[in-house]
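In what comes next, chain A is part of two complexes: it sits with chain B in the first one and with chain C in the second one.
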Partner chain A sequence: MKTALKLAYRNLVGAGLRTWLNVIVLSFSFVVIIWLKGIMMGWDYQAKSDMTDWQIGGGQYWHEQYDSFDPFTLSESHAVIPEQFNKEIALGDMVPMLMVQGTLYPQGRMQSVTIKGIDPHQNLFLLPTHRLDTVVDGIPAIIGLATAQDMQLEKGDLVTLRWRDANGTFDATDIVVVDIFSSNVPAAEASQVYIPLQTLWEMSDMEGEATLLTFRDEDEERAEVQGWVLKPKEVLTASVDKILKTKTAGQSVFYIILLLLAMLAIFDTQVLSIFRRQKEIGTYIALGYTRREVVGLFTVECAMHSILAVLVGALYGIPFLAWQAKAGWTIPMDAGDFGIAMAQTIYPVFSIGLIISTVLIVVVVTTVVSYWPSRKIAKMNPTEALRGRIQ
Partner chain B sequence: MNYYRHITVMKFAIAIIFTFALMPLHAQPTADQILERVDRNLSSDNRVFESTMIIHGARGSRTLTSRTYAVGEKRSFTEYLSPPREEGTKMLKLEEQLWIYSPSTDRTIQISGHMLRQSVMGSDLSYEDMMDDRKLTETYDATVIGSEVLDERNTWVLELTAKVDDLAYESLKIWVDTERYIPLKEEFYAKSGKLLKRAVLSDVVQIDGRWFPKTILYKDMLKQGGDGTEFKITDIRFNENIPDYIFSKAALKQ
Partner chain C sequence: MDNNAIIQIRELTKSFPMGKSKFTALSNINLSLEKGEFTGLIGPSGSGKTTLLNIVGSLDTPTSGEAWVLNQSIGSLSAKEAARLRKEKLGFIFQSYNLLAVHTVFENVEFPLLLLKIDAAERKKMVMDALEWVGLTDKVKSKPPQLSGGECQRVAIARAMVKRPSLVLADEPTANLDAANSHHILQTMVKLNEELKTTFLFATHDDKVIGYLRRKIYLLDGKVANDEWVKDYHTVK
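And then the complex of A and B:
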């Protein structure tokens, strides 16, 4: 085996430019595949972490009527906060949120919004709710950057808000935009207005009621509560998993094309070398090599392209990927328009598992592709091969 | 003697002055009576009417025509006749439920909950506004707060405060024609007292012994741009014989 490896290495290096071209193409595939997978992992990590910080915390209890995809359920989705959560809420480890459908009139245009009542002193979310504890000429409100851009609102703007109370009676007042935040989580921003919970209770005649209860600790074992549906974090982030699964499937096509190109070069090289080195094959057999050993030798030699590619890829790939992990990749279009939790700049995450699995896949595929043309050797007539006659 | 006679004459004169002074007050009906007369003019057991709705938006106007059959406050059926895009769209209201049939999709959907609060075809009216046909006397307490001349017509100004919980508007201000008992202007207020909507009623005509406004201009007062929604009744008939099958879901697809 040692001799085979030594021979293979010598033959490879001896082939010169042809080997290095193959190695470079293969190494390029390596680096690109690892980079793309790193982007996916980075997105997954970032999206879930942003969702935790801005939208879902460690998990939530939803009012049983609440459906996040149907804003029309909001009018029925509210109930008194169960007493058993009072202590957790007092400690700041649970944040109740009441949601009411409303209409905002920026510059006199009608815009449908969800009014969210939240405790200004909460620290479970990164929302700048402390700014709601301000005395202004109206109800203090914070909005997301996406809403501010859509409705052309700026900090300090006074705008009329209309809503209905629990009985369906209209009410309207002015709100003052005291802060605008940017979160990368469209679900926490789009068409939403955050105001103090106490104020919304008074406005809607829904004293002590909530639509959502978000808790901090995701690991704690939680019981089902009558009238509320427990939504653990993994359920709430399932949408991200689904999107990533779809994206990964789409990217696999790209990996296959990349690998196909590299493998085509490997395959060609192998076919060519078997064709041109018939005399050598004949000599090996004449020297007592079994055909299987010769096939092995040629397979190892060709598969060694991938080992060299790993080394060459590491040469430029490690600095490149390390730089990417630090500087991130800025999406060349507005990520907010995608409607999913996605930062404008994604920082790829490269795990050891990701790198080893990618290396293994490429090495195995290269070996299989190298073996394929080598099988021809087994069918060769040694005498003819020794003469160098084409068979 | 003269003195006593003088006193008697004075008393008589004061009594006459008071009687005449109080006469207009006696002549003016109470707020509830006014509302009752208004209800009598506007409500009917059943009616069939054709109407035109002109929605004046910021970027131009749209006109929709429709034919409506209504029985009491609970049942109504509307079919849109134009424009071609809305032609054949039908709405059926039964009790508190509303269904809409769209010919382009050949589907009937039920409008419920919050959807009832959405605007009807981009107008200043919500489905709920169109559905709530309850009599004013049943839903509001009224007080006469003054009188005004509106478009050369004498009106009483009434302030209406909700007496039931489930009303869209907590209070209303209406200007009622003193002769014809028809509101010529209505203002709808939020609980906070903010003016939300205004309706101006005109083209008052007498049909079958009752006065009826043939044109109503609605305007969402919080919205800027656009001149509101004009609702014109082009033809109206009261107490017609409307067959029952009209108020069925099956009639929507016919």
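And then the complex of A and C:
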């Protein structure tokens, strides 16, 4: 083995440019595979963390009639906040939210919106609800950037809002856009108007009622409450998980292509070696190598290619990946258009496990692939190989 | 079997399949070589000399008959045993040198010693001795593509001789060399044969080589046509 290692090393170093070309292709595969997986992990982490910060907290209680995919359920999905939550709400660890269907009339157009009543002093979400304390000529409201762009609204704009109260009576008033926020969570932005909860209670005649109750602590064990459905965080992020799973499948295709590229580089080297180096193989045998030892030598050479590729990959990959983790990858299109929680800039997350597993997979796969063409050596007639006659 | 013989061949036949028929390259060969001989298998292309050399070198096996080399029957050796015989006892010199192109001269000559697992210091000494025999101590770091044909063949001789083999098999060693280089190479081999008592067996049809042989075995159509010893042989020409 020691001899094979020594000879393989000499062969690799001696082959010069051919070795380095293979090593660079392989190292590129390593780095890109790790980068892609890092992006997926970063996206996963970021999507969930943004959803937590802007939309779902540590989990929610939904009114039993509430269906997030059906706005017509909003008129029925509200009830008095259960007393057992009062203490948690007072401590700021639970935020009630009342949701009412409404219509906004920006620039003379009519746009359906969901009016969300929220406590201006909450700090569970990153929403700038403190701005709802602003005194203005109308109801202070905050909207997301997506809504602002869609409705051509700017900070300070006065716009008419119409809604229907608990008795089915339509009413309208003016709201003032006191702040426009930008999140990476489309569901927190698109067609949503946030106003003070107390104001919405008065507007809708639903005093003390809520549609959603968002709690902070996701680890606390929670009981079922009559009339309300407990939605733990993992249930609320299930859609993101599903999308990421689909995306991961798509990425896996790319991952496999890269792996195939790495395998092709090694396979190509090996197949070429069998034909280009047959005189050399014959010489090894003439000088006392068994065929098995020659196969071993070629396999060790390939394993060394992979290890060299790891080192070369580390040389430019570590600074590149470190920079990416810091600077992130900015998606060259509007991420909001995708309709899921996705930041414009994704910060890849690289774990030691990810790096080690990727390196191991590529090294093992390329070594195994290299063994296959090497087996042809075992079938070579040494006297023909010595003369380089095998076709 | 003659115990003094380094090579003993009895009724050796070698045939190769050619479509539905077969081609007989060697037919009923009987030969015996003793230690220290400087002998050549001479004949035109297709006469079977390289086939015989390959069998003696345990790179091939006889179809029938027996070939004993250094007291080992070539036909009954396993692949591993044949490899061990080549590794420990035989040296090869090829027409096209067969040097490892990406290795230096030193590494090429060192190769057989690596296979014998000789320690580094001893290896270095043996390689330098071998390169001194062939006058290439100043080329240790050169690679084969940087050498002339004559120099390459001298490296090949050093590689064949470095482990002090009992038998060196040389297949058309001067075929790619000019006259001056051929004589230089052959003189080197004669010198090594005399100093180290190494047995040399050539396969050749080159008159320059034939002129240096002490024993000439003529092959024709796979048969021994003539086997003669040179009278009044002068050592270094």
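Heads up, the rule we're going with is that the second predicted complex is superposed on the first by the 361 of 391 C-alpha atoms of A that agree within 3 Å, B and C clash if a C-alpha of one lies under 4 Å from a C-alpha of the other, contacts with A are read in each partner's own complex, and residues count from 1 in each chain.
Please note the rule applied: contacts are C-beta pairs under 8 Å (C-beta built on N, C-alpha and C of every residue); 3 or more make two chains touch, one makes a residue touch a chain.
Predicted, not measured: the structure shown is a model, and the values here were computed from it.
Applying the stated contact rule after C-alpha superposition, one finds that A:Ala15 touches chain C and leaves chain B untouched.
In the superposed model, A:Glu76 makes contact with chain B only, not with chain C.
In the superposed pair of complexes, A:Ala172 makes contact with chain B only, with no contact to chain C. When the two complexes are overlaid on their common chain A, residue A:Ala286 makes contact with chain C while staying clear of chain B. In the superposition on chain A, no residue of chain A contacts both chain B and chain C. Per the touch definition, chain B reaches chain A in the complex via residues 112-115, 117, 128, 162, 165-170, 188, 190-192, 194, 196, 220, 222-225.
Partner chain A is touched in their complex by these residues of chain C: 54, 57, 59-60, 79-80, 83-84, 86-88, 92, 94, 96, 98-103, 107, 111-112, 114-115, 117, 143, 159. Interface residues of chain A facing chain C in the complex, by the touch rule stated above, are 3, 6-7, 10-11, 13-16, 279-280, 282-283, 285-291, 293, 382-383, 386.
By the touch rule above, chain A contacts chain B in their complex via residues 71-76, 101, 103, 105, 107-110, 160, 162, 164-165, 167-173.
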